[in-house]
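See below for the structure under consideration.
Residue numbering begins at 1 within each chain, and the chains themselves are lettered A, B and C in the order written.
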Amino acid sequence: MIVTEYIEFQTHGNADMIDITPDVTEAVHGSGLDAGIAVVFAPGATGSVTTIEYEPGLEKDMKWALERLVPQEREYAHNLRWGDGNGHSHIRASVLGPSLTVPFTEGHLILGTWQQIVFLDMDNRPRNRKIVVQVMGE
Amino acid sequence: MIVTEYIEFQTHGNADMIDITPDVTEAVHGSGLDAGIAVVFAPGATGSVTTIEYEPGLEKDMKWALERLVPQEREYAHNLRWGDGNGHSHIRASVLGPSLTVPFTEGHLILGTWQQIVFLDMDNRPRNRKIVVQVMGE
Amino acid sequence: MIVTEYIEFQTHGNADMIDITPDVTEAVHGSGLDAGIAVVFAPGATGSVTTIEYEPGLEKDMKWALERLVPQEREYAHNLRWGDGNGHSHIRASVLGPSLTVPFTEGHLILGTWQQIVFLDMDNRPRNRKIVVQVMGE
(Lines give C-alpha, C1' and ligand atoms only; values in the text may rest on other atoms or scores of the structure.)
Protein backbone atom coordinates (compact mmCIF):
# COMPACT_ATOMS: atom_id res chain seq x y z
CA MET A 1 0.00 0.00 0.00
CA ILE A 2 1.18 3.51 -0.83
CA VAL A 3 0.20 6.88 0.66
CA THR A 4 1.59 10.15 -0.71
CA GLU A 5 1.52 13.23 1.53
CA TYR A 6 2.89 16.75 1.18
CA ILE A 7 4.48 19.01 3.79
CA GLU A 8 4.25 22.74 3.13
CA PHE A 9 6.16 25.48 4.94
CA GLN A 10 8.08 28.72 4.50
CA THR A 11 11.85 29.04 4.90
CA HIS A 12 14.36 31.85 5.29
CA GLY A 13 16.67 30.30 2.66
CA ASN A 14 20.46 30.53 3.18
CA ALA A 15 20.90 27.05 4.67
CA ASP A 16 17.79 27.36 6.85
CA MET A 17 17.20 24.03 8.59
CA ILE A 18 13.60 22.86 9.14
CA ASP A 19 12.72 19.93 11.41
CA ILE A 20 10.11 17.89 9.53
CA THR A 21 10.20 14.83 11.81
CA PRO A 22 6.70 15.48 13.24
CA ASP A 23 5.24 15.68 9.73
CA VAL A 24 6.93 12.49 8.55
CA THR A 25 5.84 10.74 11.75
CA GLU A 26 2.27 11.88 11.17
CA ALA A 27 2.34 10.63 7.57
CA VAL A 28 3.44 7.19 8.79
CA HIS A 29 0.80 7.08 11.57
CA GLY A 30 -1.87 8.38 9.20
CA SER A 31 -1.14 5.62 6.71
CA GLY A 32 -2.16 2.98 9.23
CA LEU A 33 0.70 0.79 7.96
CA ASP A 34 2.72 -1.44 10.27
CA ALA A 35 6.08 -1.78 8.47
CA GLY A 36 7.73 -0.19 5.46
CA ILE A 37 9.56 2.92 4.36
CA ALA A 38 8.94 6.66 4.37
CA VAL A 39 10.57 8.27 1.34
CA VAL A 40 11.13 12.00 1.90
CA PHE A 41 11.87 13.90 -1.31
CA ALA A 42 12.49 17.58 -2.02
CA PRO A 43 11.21 18.59 -5.46
CA GLY A 44 13.33 21.45 -6.77
CA ALA A 45 17.05 21.88 -7.33
CA THR A 46 18.03 23.94 -4.25
CA GLY A 47 16.86 21.84 -1.30
CA SER A 48 18.20 18.78 0.54
CA VAL A 49 16.90 16.23 3.03
CA THR A 50 19.07 14.52 5.64
CA THR A 51 19.10 13.71 9.37
CA ILE A 52 20.84 15.57 12.19
CA GLU A 53 20.48 16.25 15.90
CA TYR A 54 18.26 19.30 15.58
CA GLU A 55 19.68 21.87 18.01
CA PRO A 56 20.88 25.49 17.59
CA GLY A 57 24.57 24.62 17.82
CA LEU A 58 24.49 22.23 14.88
CA GLU A 59 22.29 24.63 12.92
CA LYS A 60 25.15 27.14 13.10
CA ASP A 61 27.80 24.49 12.46
CA MET A 62 25.99 23.25 9.35
CA LYS A 63 25.87 26.79 7.92
CA TRP A 64 29.60 27.08 8.55
CA ALA A 65 30.27 23.67 6.98
CA LEU A 66 28.24 24.41 3.86
CA GLU A 67 30.13 27.68 3.41
CA ARG A 68 33.43 25.82 3.84
CA LEU A 69 32.48 23.07 1.41
CA VAL A 70 30.82 25.20 -1.28
CA PRO A 71 31.34 28.93 -0.65
CA GLN A 72 28.73 31.46 -1.71
CA GLU A 73 31.16 34.09 -3.03
CA ARG A 74 32.66 32.80 -6.26
CA GLU A 75 32.08 33.42 -9.95
CA TYR A 76 29.88 30.38 -10.53
CA ALA A 77 29.32 29.64 -14.23
CA HIS A 78 25.65 29.23 -13.30
CA ASN A 79 25.53 32.82 -12.01
CA LEU A 80 27.27 34.19 -15.11
CA ARG A 81 24.63 32.54 -17.32
CA TRP A 82 21.48 33.13 -15.31
CA GLY A 83 22.24 36.04 -12.98
CA ASP A 84 20.31 34.64 -10.00
CA GLY A 85 23.34 34.35 -7.73
CA ASN A 86 22.49 30.91 -6.39
CA GLY A 87 25.13 28.72 -8.03
CA HIS A 88 26.35 27.67 -4.59
CA SER A 89 22.77 26.69 -3.62
CA HIS A 90 22.50 24.27 -6.53
CA ILE A 91 25.85 22.61 -5.86
CA ARG A 92 25.18 22.28 -2.12
CA ALA A 93 21.77 20.72 -2.80
CA SER A 94 23.25 18.21 -5.26
CA VAL A 95 26.08 17.21 -2.91
CA LEU A 96 23.79 16.57 0.10
CA GLY A 97 21.00 15.16 -2.07
CA PRO A 98 17.21 15.62 -2.28
CA SER A 99 16.09 12.23 -1.00
CA LEU A 100 15.99 10.25 2.25
CA THR A 101 14.51 6.81 2.96
CA VAL A 102 13.64 5.91 6.56
CA PRO A 103 12.27 2.48 7.54
CA PHE A 104 9.51 1.99 10.10
CA THR A 105 8.21 -1.00 12.06
CA GLU A 106 5.16 -1.35 14.32
CA GLY A 107 4.05 2.02 12.98
CA HIS A 108 7.15 3.86 14.26
CA LEU A 109 10.03 5.41 12.31
CA ILE A 110 13.33 3.76 13.27
CA LEU A 111 15.27 6.89 14.24
CA GLY A 112 17.91 7.45 16.91
CA THR A 113 16.84 9.32 20.04
CA TRP A 114 18.69 12.48 18.98
CA GLN A 115 18.15 12.10 15.25
CA GLN A 116 15.70 14.33 13.40
CA ILE A 117 14.72 14.48 9.73
CA VAL A 118 15.47 17.93 8.35
CA PHE A 119 15.01 19.90 5.16
CA LEU A 120 17.86 22.26 4.32
CA ASP A 121 16.93 25.20 2.13
CA MET A 122 20.09 25.96 0.18
CA ASP A 123 18.56 28.78 -1.89
CA ASN A 124 19.71 32.37 -1.39
CA ARG A 125 16.27 33.74 -0.51
CA PRO A 126 13.12 32.82 1.46
CA ARG A 127 11.06 30.13 -0.27
CA ASN A 128 7.72 28.37 0.02
CA ARG A 129 8.45 24.65 -0.01
CA LYS A 130 6.34 21.57 -0.63
CA ILE A 131 8.09 18.36 0.35
CA VAL A 132 6.84 14.87 -0.54
CA VAL A 133 6.50 12.05 1.99
CA GLN A 134 5.60 8.77 0.39
CA VAL A 135 4.80 5.93 2.77
CA MET A 136 5.03 2.41 1.33
CA GLY A 137 4.49 -0.78 3.26
CA GLU A 138 2.10 -3.36 4.62
CA MET B 1 4.73 -4.80 -8.40
CA ILE B 2 8.38 -4.41 -9.32
CA VAL B 3 10.01 -3.69 -12.68
CA THR B 4 13.80 -3.59 -13.07
CA GLU B 5 15.27 -1.72 -16.06
CA TYR B 6 18.83 -0.85 -17.10
CA ILE B 7 20.16 2.33 -18.71
CA GLU B 8 23.34 1.95 -20.77
CA PHE B 9 25.54 4.76 -22.07
CA GLN B 10 29.12 5.90 -22.55
CA THR B 11 30.77 8.66 -20.53
CA HIS B 12 33.92 10.78 -20.80
CA GLY B 13 34.78 10.16 -17.12
CA ASN B 14 36.32 13.02 -15.10
CA ALA B 15 33.07 14.19 -13.47
CA ASP B 16 31.09 13.86 -16.70
CA MET B 17 27.41 14.56 -15.93
CA ILE B 18 24.74 12.55 -17.79
CA ASP B 19 21.05 13.51 -17.72
CA ILE B 20 19.14 10.25 -17.25
CA THR B 21 15.74 11.82 -16.47
CA PRO B 22 14.18 10.69 -19.79
CA ASP B 23 15.25 7.09 -19.14
CA VAL B 24 13.92 7.06 -15.58
CA THR B 25 10.67 8.66 -16.79
CA GLU B 26 10.35 5.99 -19.47
CA ALA B 27 10.93 3.22 -16.93
CA VAL B 28 8.11 4.61 -14.77
CA HIS B 29 5.73 5.00 -17.73
CA GLY B 30 6.65 1.56 -19.07
CA SER B 31 5.84 -0.06 -15.73
CA GLY B 32 2.21 1.01 -16.03
CA LEU B 33 2.21 1.75 -12.30
CA ASP B 34 0.29 4.65 -10.81
CA ALA B 35 2.18 5.44 -7.59
CA GLY B 36 5.44 4.35 -6.01
CA ILE B 37 9.18 4.90 -6.16
CA ALA B 38 11.90 4.77 -8.79
CA VAL B 39 15.18 3.63 -7.23
CA VAL B 40 18.14 4.69 -9.37
CA PHE B 41 21.36 2.86 -8.47
CA ALA B 42 24.87 3.00 -9.91
CA PRO B 43 26.64 -0.37 -9.64
CA GLY B 44 30.39 0.21 -9.38
CA ALA B 45 32.50 2.24 -6.99
CA THR B 46 33.22 5.35 -9.09
CA GLY B 47 29.79 6.69 -10.02
CA SER B 48 27.11 8.73 -8.24
CA VAL B 49 23.46 9.59 -8.76
CA THR B 50 21.87 12.86 -7.64
CA THR B 51 19.63 15.64 -8.96
CA ILE B 52 20.62 19.05 -10.35
CA GLU B 53 19.42 21.68 -12.78
CA TYR B 54 21.08 20.23 -15.86
CA GLU B 55 22.65 23.17 -17.66
CA PRO B 56 26.24 23.87 -18.87
CA GLY B 57 26.99 26.38 -16.11
CA LEU B 58 26.33 23.93 -13.29
CA GLU B 59 28.17 21.16 -15.18
CA LYS B 60 31.29 23.34 -14.93
CA ASP B 61 30.57 24.38 -11.36
CA MET B 62 30.15 20.76 -10.26
CA LYS B 63 33.55 19.85 -11.73
CA TRP B 64 35.06 22.75 -9.85
CA ALA B 65 33.30 21.77 -6.62
CA LEU B 66 34.39 18.12 -6.82
CA GLU B 67 37.99 19.23 -7.35
CA ARG B 68 37.68 21.58 -4.36
CA LEU B 69 36.13 18.93 -2.13
CA VAL B 70 38.31 15.95 -3.13
CA PRO B 71 41.24 17.05 -5.35
CA GLN B 72 42.63 14.73 -8.00
CA GLU B 73 46.30 15.47 -7.39
CA ARG B 74 47.30 13.91 -4.08
CA GLU B 75 49.13 10.79 -3.00
CA TYR B 76 46.03 8.71 -2.30
CA ALA B 77 46.81 5.49 -0.43
CA HIS B 78 44.54 3.78 -2.98
CA ASN B 79 46.80 4.95 -5.82
CA LEU B 80 49.95 3.82 -4.04
CA ARG B 81 48.50 0.32 -3.65
CA TRP B 82 46.76 -0.14 -6.99
CA GLY B 83 48.40 2.34 -9.37
CA ASP B 84 45.19 3.22 -11.21
CA GLY B 85 45.27 6.89 -10.21
CA ASN B 86 41.58 7.12 -9.37
CA GLY B 87 41.64 7.41 -5.57
CA HIS B 88 39.84 10.74 -5.84
CA SER B 89 37.14 9.09 -8.00
CA HIS B 90 36.35 6.53 -5.32
CA ILE B 91 36.13 9.09 -2.53
CA ARG B 92 33.98 11.48 -4.58
CA ALA B 93 31.60 8.64 -5.48
CA SER B 94 31.26 7.56 -1.84
CA VAL B 95 30.63 11.10 -0.59
CA LEU B 96 27.88 11.86 -3.13
CA GLY B 97 26.49 8.31 -3.02
CA PRO B 98 25.39 5.72 -5.61
CA SER B 99 21.66 5.74 -4.93
CA LEU B 100 18.63 7.99 -5.40
CA THR B 101 14.96 7.32 -4.64
CA VAL B 102 12.32 9.43 -6.41
CA PRO B 103 8.57 9.04 -5.71
CA PHE B 104 5.92 9.17 -8.44
CA THR B 105 2.14 9.61 -8.43
CA GLU B 106 -0.39 9.32 -11.28
CA GLY B 107 2.42 7.81 -13.34
CA HIS B 108 4.65 10.92 -13.09
CA LEU B 109 7.92 11.43 -11.23
CA ILE B 110 7.58 14.17 -8.60
CA LEU B 111 10.48 16.39 -9.71
CA GLY B 112 10.85 20.16 -9.66
CA THR B 113 10.57 21.97 -12.98
CA TRP B 114 14.32 22.60 -13.17
CA GLN B 115 15.40 19.38 -11.47
CA GLN B 116 16.95 16.55 -13.47
CA ILE B 117 18.25 13.14 -12.38
CA VAL B 118 21.93 12.83 -13.29
CA PHE B 119 24.68 10.24 -13.20
CA LEU B 120 28.13 11.61 -12.36
CA ASP B 121 31.03 9.56 -13.66
CA MET B 122 33.80 10.18 -11.14
CA ASP B 123 36.31 7.83 -12.80
CA ASN B 124 39.46 9.21 -14.46
CA ARG B 125 38.72 7.74 -17.89
CA PRO B 126 35.81 7.13 -20.30
CA ARG B 127 33.55 4.29 -19.17
CA ASN B 128 30.62 2.23 -20.40
CA ARG B 129 27.97 2.41 -17.69
CA LYS B 130 24.90 0.35 -16.88
CA ILE B 131 22.63 2.00 -14.32
CA VAL B 132 19.70 0.27 -12.61
CA VAL B 133 16.21 1.77 -12.39
CA GLN B 134 13.90 -0.25 -10.24
CA VAL B 135 10.27 0.82 -10.20
CA MET B 136 8.17 -0.36 -7.27
CA GLY B 137 4.56 0.53 -6.65
CA GLU B 138 0.92 -0.18 -7.31
CA MET C 1 6.48 -8.41 1.57
CA ILE C 2 8.72 -6.74 4.14
CA VAL C 3 11.43 -8.19 6.39
CA THR C 4 13.26 -6.04 8.95
CA GLU C 5 16.65 -7.22 10.22
CA TYR C 6 19.28 -5.65 12.47
CA ILE C 7 23.08 -5.78 12.23
CA GLU C 8 24.99 -5.32 15.48
CA PHE C 9 28.71 -4.66 15.83
CA GLN C 10 31.31 -2.62 17.68
CA THR C 11 33.35 0.16 16.10
CA HIS C 12 36.48 2.15 16.98
CA GLY C 13 34.75 5.45 16.08
CA ASN C 14 36.81 8.18 14.38
CA ALA C 15 35.69 7.40 10.83
CA ASP C 16 35.98 3.65 11.33
CA MET C 17 34.69 1.90 8.19
CA ILE C 18 32.78 -1.39 8.60
CA ASP C 19 31.97 -3.66 5.64
CA ILE C 20 28.36 -4.77 6.14
CA THR C 21 27.87 -6.27 2.67
CA PRO C 22 27.75 -9.87 3.97
CA ASP C 23 25.02 -8.95 6.47
CA VAL C 24 22.90 -7.11 3.90
CA THR C 25 23.35 -10.01 1.47
CA GLU C 26 22.24 -12.44 4.16
CA ALA C 27 19.16 -10.34 4.94
CA VAL C 28 18.17 -10.43 1.26
CA HIS C 29 18.77 -14.18 0.96
CA GLY C 30 16.97 -14.83 4.24
CA SER C 31 13.91 -12.94 3.06
CA GLY C 32 13.38 -15.45 0.27
CA LEU C 33 12.35 -12.56 -2.00
CA ASP C 34 13.22 -12.48 -5.70
CA ALA C 35 13.25 -8.77 -6.53
CA GLY C 36 13.06 -5.53 -4.56
CA ILE C 37 15.14 -3.19 -2.44
CA ALA C 38 17.30 -3.42 0.65
CA VAL C 39 17.09 -0.20 2.66
CA VAL C 40 20.10 0.18 4.97
CA PHE C 41 19.59 2.81 7.66
CA ALA C 42 21.79 4.01 10.52
CA PRO C 43 19.71 5.11 13.54
CA GLY C 44 21.63 7.79 15.44
CA ALA C 45 23.10 11.11 14.42
CA THR C 46 26.80 10.20 14.05
CA GLY C 47 26.84 7.36 11.52
CA SER C 48 26.59 7.13 7.72
CA VAL C 49 25.97 4.42 5.14
CA THR C 50 27.43 4.47 1.62
CA THR C 51 29.30 2.23 -0.83
CA ILE C 52 33.03 2.07 -1.54
CA GLU C 53 35.69 -0.39 -2.69
CA TYR C 54 36.54 -1.74 0.74
CA GLU C 55 40.34 -1.87 0.91
CA PRO C 56 42.92 -0.43 3.33
CA GLY C 57 44.04 2.33 0.95
CA LEU C 58 40.59 3.85 0.63
CA GLU C 59 39.97 3.43 4.36
CA LYS C 60 42.91 5.79 4.92
CA ASP C 61 41.88 8.10 2.10
CA MET C 62 38.35 8.41 3.46
CA LYS C 63 39.67 9.43 6.90
CA TRP C 64 41.83 12.05 5.19
CA ALA C 65 38.90 13.27 3.09
CA LEU C 66 36.53 13.57 6.06
CA GLU C 67 39.14 15.59 7.93
CA ARG C 68 39.62 17.83 4.88
CA LEU C 69 35.87 18.32 4.40
CA VAL C 70 34.85 18.75 8.06
CA PRO C 71 37.90 19.04 10.36
CA GLN C 72 37.76 17.78 13.91
CA GLU C 73 39.62 20.69 15.51
CA ARG C 74 37.38 23.73 15.46
CA GLU C 75 35.17 25.51 17.96
CA TYR C 76 31.91 23.88 16.90
CA ALA C 77 28.86 25.59 18.39
CA HIS C 78 27.63 22.06 19.21
CA ASN C 79 30.72 21.45 21.35
CA LEU C 80 30.37 24.79 23.15
CA ARG C 81 26.79 23.88 24.11
CA TRP C 82 27.14 20.19 24.93
CA GLY C 83 30.83 19.62 25.65
CA ASP C 84 31.00 16.20 24.00
CA GLY C 85 33.54 17.27 21.37
CA ASN C 86 31.83 15.53 18.46
CA GLY C 87 30.45 18.47 16.46
CA HIS C 88 32.48 17.32 13.46
CA SER C 89 30.96 13.82 13.80
CA HIS C 90 27.42 15.17 13.50
CA ILE C 91 28.17 17.33 10.47
CA ARG C 92 30.07 14.54 8.68
CA ALA C 93 27.20 12.11 9.30
CA SER C 94 24.62 14.58 7.95
CA VAL C 95 26.66 15.37 4.83
CA LEU C 96 27.20 11.71 3.87
CA GLY C 97 23.75 10.66 5.04
CA PRO C 98 22.32 7.79 7.15
CA SER C 99 20.48 5.88 4.42
CA LEU C 100 21.23 3.73 1.37
CA THR C 101 18.83 1.88 -0.94
CA VAL C 102 20.17 -1.03 -3.01
CA PRO C 103 18.00 -2.95 -5.50
CA PHE C 104 18.17 -6.72 -5.94
CA THR C 105 16.93 -9.13 -8.62
CA GLU C 106 16.89 -12.94 -8.68
CA GLY C 107 17.73 -12.79 -4.99
CA HIS C 108 21.05 -10.95 -5.54
CA LEU C 109 22.01 -7.37 -4.66
CA ILE C 110 22.93 -5.41 -7.80
CA LEU C 111 26.39 -4.23 -6.73
CA GLY C 112 29.55 -3.65 -8.75
CA THR C 113 32.32 -6.25 -8.38
CA TRP C 114 34.47 -3.91 -6.28
CA GLN C 115 31.61 -2.16 -4.51
CA GLN C 116 30.85 -2.86 -0.87
CA ILE C 117 28.20 -1.45 1.48
CA VAL C 118 29.87 0.23 4.45
CA PHE C 119 28.91 1.90 7.69
CA LEU C 120 31.09 4.86 8.67
CA ASP C 121 31.21 5.61 12.37
CA MET C 122 31.79 9.35 12.55
CA ASP C 123 31.66 9.56 16.34
CA ASN C 124 34.79 10.44 18.35
CA ARG C 125 34.80 7.26 20.43
CA PRO C 126 34.13 3.50 20.11
CA ARG C 127 30.44 2.69 19.80
CA ASN C 128 28.10 -0.28 19.77
CA ARG C 129 25.96 0.06 16.65
CA LYS C 130 22.68 -1.47 15.53
CA ILE C 131 21.96 -0.87 11.85
CA VAL C 132 18.61 -1.59 10.18
CA VAL C 133 18.26 -3.58 6.97
CA GLN C 134 14.75 -3.58 5.65
CA VAL C 135 14.09 -5.83 2.66
CA MET C 136 10.98 -5.05 0.60
CA GLY C 137 9.93 -6.86 -2.54
CA GLU C 138 8.11 -9.75 -4.13
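What we mean here is this: a residue touches a chain if its C-beta (ideal position, glycine included) is under 8 Å from a C-beta of that chain, and two chains touch if they have at least 3 such contacts.
The structure presented is a predicted model; accordingly, all values stated were derived computationally and were not measured.
Judged by the touch criterion defined above, the protein chains are all mutually in contact, each touching every other. Under half of the residue numbers found at the chain B and chain C interface occur in both copies, marking it as a different-residue contact. Centre to centre, using the average C-alpha position, chain B and chain C are separated by 19 Å.
Touching of two or more other chains is recorded for residues 69, 95, 97, 101, 136 of chain C. Chain contact summary for the complex, chain C toward chain A: residues 1-2, 4, 39, 41, 43-45, 69-70, 76-82, 87, 90-91, 93-95, 97-99, 101, 132, 134, 136. Touching chain C in their complex are the following residues of chain A: 35-37, 50-53, 55-62, 65, 68-69, 95-97, 100-103, 105, 110-112, 114-115, 136-138.
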